[in-house]
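As written, the chains take the letters A, B, C and D, and residue 1 is the first residue of each chain.
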Amino acid sequence: MMDFIVIPILALLAATAVTVARIRNLWAAVMFTGIYSFLSASWMLILDAPDVAFTEAAVGAGITTILMLATLSLTPRRQRKSGRLSSEDFEERPSKSPLLPLLIVTITGCALVYGTFDMPHFGDPNAPIQVYPNPSFVEKSQPDMHGLPNVVTAVLASYRGYDTLGETAVIFTAGIAVLLILRKNTDDQSSSESQSVTGENA
Amino acid sequence: MTPENLIWVAMLLPLVAIALVFIVGEKSPNIRESCTIGISVALFWVTTRLAGFVFSGGRPTFKLGEMLPGFEIAFTVEPLGMLFALVASGLWILTTIYAIGYMRGHHEKNQTRFYACFASAIFAALAAAFAANLFTLFVAYELMTISTYPLVTHHGDEKAKKGGRIYLGILLSTSVAFFMLAIAWTWTVAGTLEFTPGGILAQPNIDGKISDFQLSVLLGLFAFGIGKAAIMPFHRWLPAAMVAPTPVSALLHAVAVVKVGVFSILKVSIYIFGIDLISETRLGEGANPVMMSDWLCYLAGATILIASLVAMTKDNLKARLAYSTVSQLAYITLGAALATSDSVIGGGMHIAMHAVGKITLFFCAGAIYVGAHKTNISDMRGLGRAMPLTMGAFLLATLSIIGLPPGGGAWSKWFLALGTVQTGHFWLLAALMVSSLLNIAYLIPIPIRAFMTPIGETPMKFKEAPMMCVVPLCITAVGSVVLFFFGNEIYDVLLPIASSAR
Amino acid sequence: MIEQLPVLVIVIPLMAAPLFVLIGNRKLVLLLTQLVCWTVFGITVSLLSRMQYGPISYELGGWPSPYGIVYSVDYLSAFVMLFVSGLAAIVITYAPKSIDQEVHHSKHSLFYASYLLCMTGLLGMCITGDLFNVFVFLEISSLSSYALISLGKTRRAPLAALHYLIIGTVGATFFLIGIGLLYQMTGTLNMADIASRLQAVESSRTMLVAFAFMTVGLFIKMAVFPLHTWLPNAYTYAPSVVTCFIAATATKVSVYAFIRLIYVIFTPQFAFERLPLDQALMAFSLVGIFVASTAAIYQTNIKRLLAYSSVAQIGYMLLGISMSNVGGLTAGISHMFNHALIKGGLFMVVGCFALRIGSLKLEDLRGAGKTMPLTSFAWVVGGLGLIGVPMTAGFVSKWLLLTSALSLELWPVAVLMLLSSLLAVVYIWRVVEILYFSPASHLAQTAKEAPMAMLIPTYIVIGSTIVFGCWTVYSAGIAQAAAKSLLGISQAGGIQ
Amino acid sequence: MTEILGLYNYWIVIFLMMTGFYIVIARENLIKTIIGLNIFQTSVFLLYITMGKVTHGTAPILKASHGGESHGVEHGVEHGAEHGHELHAAAEGHVDLGVDAVKEVYSNPIPSVLMLTAIVVGIATTALALALVVRIREEYGTIEEDEILEMDRNS
């Protein structure tokens, strides 16, 4: 029953990904990325991960898209030529051969597919991940976390609390980094700066 | 002081010299040089004291510590190393005096660096001479390479840089590619690197950890790895190093550096392989198996002859002396490769004999350069009138190098010749004979020509180099003759290194 | 307090960083950064000194092992943390003058905060016993290092940072895929727990792929040839101080993570017997050593020269790891330490040149030996260490590697390894000749000697390469203890 | 055949990941590359989430009907925390209740937990990358990689 929803979503996901790969118009690519995130979020919802789905929808489809659009508004909008979305936007670039990347990707993909053959099947309730540790997180989190109904939140705040701390640190790092990168050098430094060409390498 | 203390005092003195030289620096050259002389005299005194203990049978040992688990820096003094240390420290005094005359007479730059590097080279030579194991020897050997590099490139011009590149390139690459490999191999099969009378490889050979053929390969790694012994084809660095100021060529490239090379080869053949192992291991099947070191004997013989022939073609005096050194060093390697008790003693003796003789020749070359600004032999006609002392000393030293009495070299060559006969290498005996003739041919004409006034020209006026240059070379020239009369004593002193192997 | 040490290593700098942003006063922040770095160094010293009583396992928040995250300190991680924090501290002590010149004043407090975060990330990767946590810390250190690199003075710096970001993120994502597969087959993220549950599924194809992905991910981060393309530009265009720190520590921590991957999570049997990884590693590292060293010879920028040399040196570490015996592993681990010191020291020397000469092109450095004698001499000493001349730290690791290769009768490896160090002679000596035996360039002619505030830390690091070359109890000794514990050999065992 | 049924989800995810990876390494334009990274990472999130799914399971949010029982457990724990030695007993007491609670099949919460962190890491990386792109655009006036390289060669 579920398959009637899942299969179209998966098909759409694949189609979106391929479109992003082929499209040359950056605005369109960004929009398709947003759509991709949104489709992923839908599938995550079906896969019983509502927390991740909501976050992905908000962060992936929302914030990322906004950031990218903001960047695009500061930078050229087209990858090369201007104009509306047209067949030209899907042209292959003559300068670069896509063969090598394609080869690498194929090999990597085949390796991964090879790896799936011994994986527990999708949804298998006896997969190691479902039976270990025992008692499971769902069971254990109840007494430990005073019965917080959302196990994901409970685990985030308790057992893997330090991941959450690290996550905060990551955001903080990125914040500092963006500030560092984008902050203008407000006052001109002494003339010594201009004559320094430390990293220059002709 | 106990002999153990003497060891570290001896090693410390050059380091003190380096520190003093740097502290005093360019500000007052007189104090700087007197420090060096003072310390070199003190060092010589310490080594003679030490020699007293060692030659009467003592084997003082001093352990500095473990550098790596199982690899110690340790020093044990035995007669061969003692002799080498004596020669190096004794000649350091004379060279320092000579260097003062030469460097000032020549207004050389960077003299502080010069004296500091000189002292560190002496330190390395002492460390090598006293090394108790192969690991320490290797460390000292590399230290020597590094500390002499700035001396070779002293002038800093394009020629000096090129010379320095060849010098460092060959010495460092051979030592890293072959010597280090050989040491590591020795360690893996023998489990020790200690210099042991009788060698450490005999047992692994019996145990089958290293076959006879592999022993021969290992010997090759050592012989080529110790590039300072200047066995052909790795001899190019020595002529290249002649761009250095003459005192450097004199002490380092006639005594310290090259002698560390042949000294290491002797040490390896006596204390790592053991001369019995070398002489008794035969390669090949059938009625006439060859000695495992045979190829090295013939290579040394070839080096002796070829280097002598090349020397004859050189007109530049220092270049001719350099090739002569290559040839003479091969004598010592030959002594090690023949591995009879007489040949190793002859090799050991030749370290001292050749050192004193060759340093005199280099001193003379430098004095001629300072006094008369001549470097080419063809220009030296009639120079004997102007510089009689220098050329007289040259003649005396020549006798020693050729191996004619009353030169000290006569003894060492005699024992080496005995060695060839004992092992039945008659071709090598012939090579030695031919080489002596070649020596006469390329060395004797120089003083003879100098003393003959060319017809139709007015004799040159008497004009010797500064006294600081002339006195040391006279002393060493006399020394090379005096050594002839002490041949027996040196033999006795060195006898333990050969007999301990038996 | 003592029991809390493992967590303090991470928490102190992690908490200090936001504080710095709030303070904003660059002098105060600098002082605090130095204080924090040295404190963390002190903690790692005391952690290492406690190793003789056995490894420490610290359960964060008190949650037991398969549920919560565990910090585990053993000889190896304590040793790596020690030199990471030590070098972070000494580099930041050295840094102020150089940063003043190369980074705009208004960015200083942010810069120091990033620096601390980078160190925290690296330390976190070392200390954590949880695979996913490794990923999180890897990202903390990576993100901050991207930002730090982008601060270089030229316009190429942001581009180099972006390239590093792209390649680095691909690497991290590969690592994440590997973690996912591993998690799926074992149901746990705790390294020790994975190891104990791995036997059952070891022969599965999924395990192979998981291992391969994590390996490739780490190879990218440690710049193994041919995945090193990000490194030369990143090192060349970053501010000098950043290059010092990152070159000395970041790749080493990835090597550390790789050692953990092979020896703690998977087994050497899995990696080297089921997979021919040892031969592959040897081949890769030898090719990498030769290609990168040769590339270094042809560089005209001293920083880029050292960057290529770093790529080559990673090869020696992998060579040691691939031998999977005590000797080889000891060599690999001690080369991590020795190379961190040597390369850190050399880049500090380069920082001094950058400060006074302003250019790092080799032609502009001509004759600097006259005007900057102390700095140039430090280059010579550090360079000798890189070549592996006796009495330097570099010799120790090369010697260990050589003897261990010979004890395994890997003759070609031994010979090639020795030959490759000749290439190091060429590229180091080229610079020495330029410094000492060339007519001075006009930039070098007018240069002053570097300030003492930079020279003293430089000489401490360079001097320590000599100290650890002569006295190896605390370098090779600890490395050997770490190697033995990784291989499960009792500490009392004899010397290899 | 069962293989295909059991694994096709993974294969689709792998296809998505590789599409993202391809965009990254095809290296056309800096922003395009970042988009590629984004798709690559998002697909990895999908890989994890796919692992956590249990057939006929539901999201790991305990049903309200169990709220009362959980509440009871809470008391037990607090009680146990006050008297450490009783904790064990309290936990055991819970397991009985827990069996009741997990009659409902839940999908595994851990992949979700991990991916929440990973999403944050992903957006952090993207933001940083975009900031760098803005900087590069300021410096070079373009974001085409080959044009930039061309300019560097000529400078």
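As a working rule, a residue touches a chain if its C-beta (ideal position, glycine included) is under 8 Å from a C-beta of that chain, and two chains touch if they have at least 3 such contacts.
The structure displayed is predicted, hence computed values, not measured ones.
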Chain pair that, of all pairs, has the most C-beta pairs in contact: A-D
Centrality ranking, top chain (CA atoms only): C
Whole-Å separation of chain centres (CA-atom averages), subunit B against subunit C: 43
Euclidean distance of C-alpha centroids - subunit A vs subunit C, Å: 29
Distance from the mean Cα position of subunit B to that of subunit A, given in whole angstrom: 70
Where subunit A and subunit D are represented by their mean Cα positions, the distance between them in whole Å: 9
Residues of subunit B engaged with two or more neighbouring chains: none
Subunit C residues counted as touching two or more neighbouring chains: 132, 136, 139, 143, 146-147, 150, 156, 158, 177, 183-184
Numbers and ranges of subunit D residues touching at least 2 other chains: 17, 21, 25, 34, 51, 110-111, 114, 117, 121, 124-125, 128, 132-133, 135
Contact graph of the chains (line, ring, star, complete, other): other
Which chain pairs touch, all of them: A-C, A-D, B-C, C-D
Complex interface listing, subunit C residues touching subunit A: 14, 17-18, 21, 60-61, 63, 66-69, 101-102, 104-107, 110-111, 113-114, 117, 120, 124, 132-133, 136-137, 139-140, 143-144, 146-147, 150-154, 156-158, 177, 181, 183-188, 197, 201, 204-210, 212-213, 236-240, 300-301, 303-304, 354, 358-361
Residues of subunit D that touch subunit C when the two form their complex: 17, 21, 24-25, 30, 33-34, 37, 40-41, 44, 47-48, 51, 110-111, 114, 117-118, 121, 124-125, 128-129, 132-133, 135-136, 139-140, 148, 152
Residues of subunit C defined as touching subunit B within the complex: 384, 387-391, 396, 399-400, 402-403, 406-407, 414-415, 418-419, 421-422, 425, 429, 433, 436-437, 469-472, 476-477, 480, 495-496
Contacting residues of subunit B [partner subunit C, same complex]: 65-71, 73, 138-139, 142-143, 146, 150, 153, 156, 160-161, 164-165, 168-169, 172-173, 176-177, 180-181, 184-185, 187-188
Touch list for subunit D against partner subunit A, complex: 2-3, 5-12, 14-23, 25-29, 31-32, 34-36, 38-39, 42-43, 45-46, 49-55, 57-64, 66-67, 69-71, 73-74, 76-78, 90-91, 94-95, 97-98, 101-102, 105-117, 119-128, 130-135, 137, 142-144, 146, 155
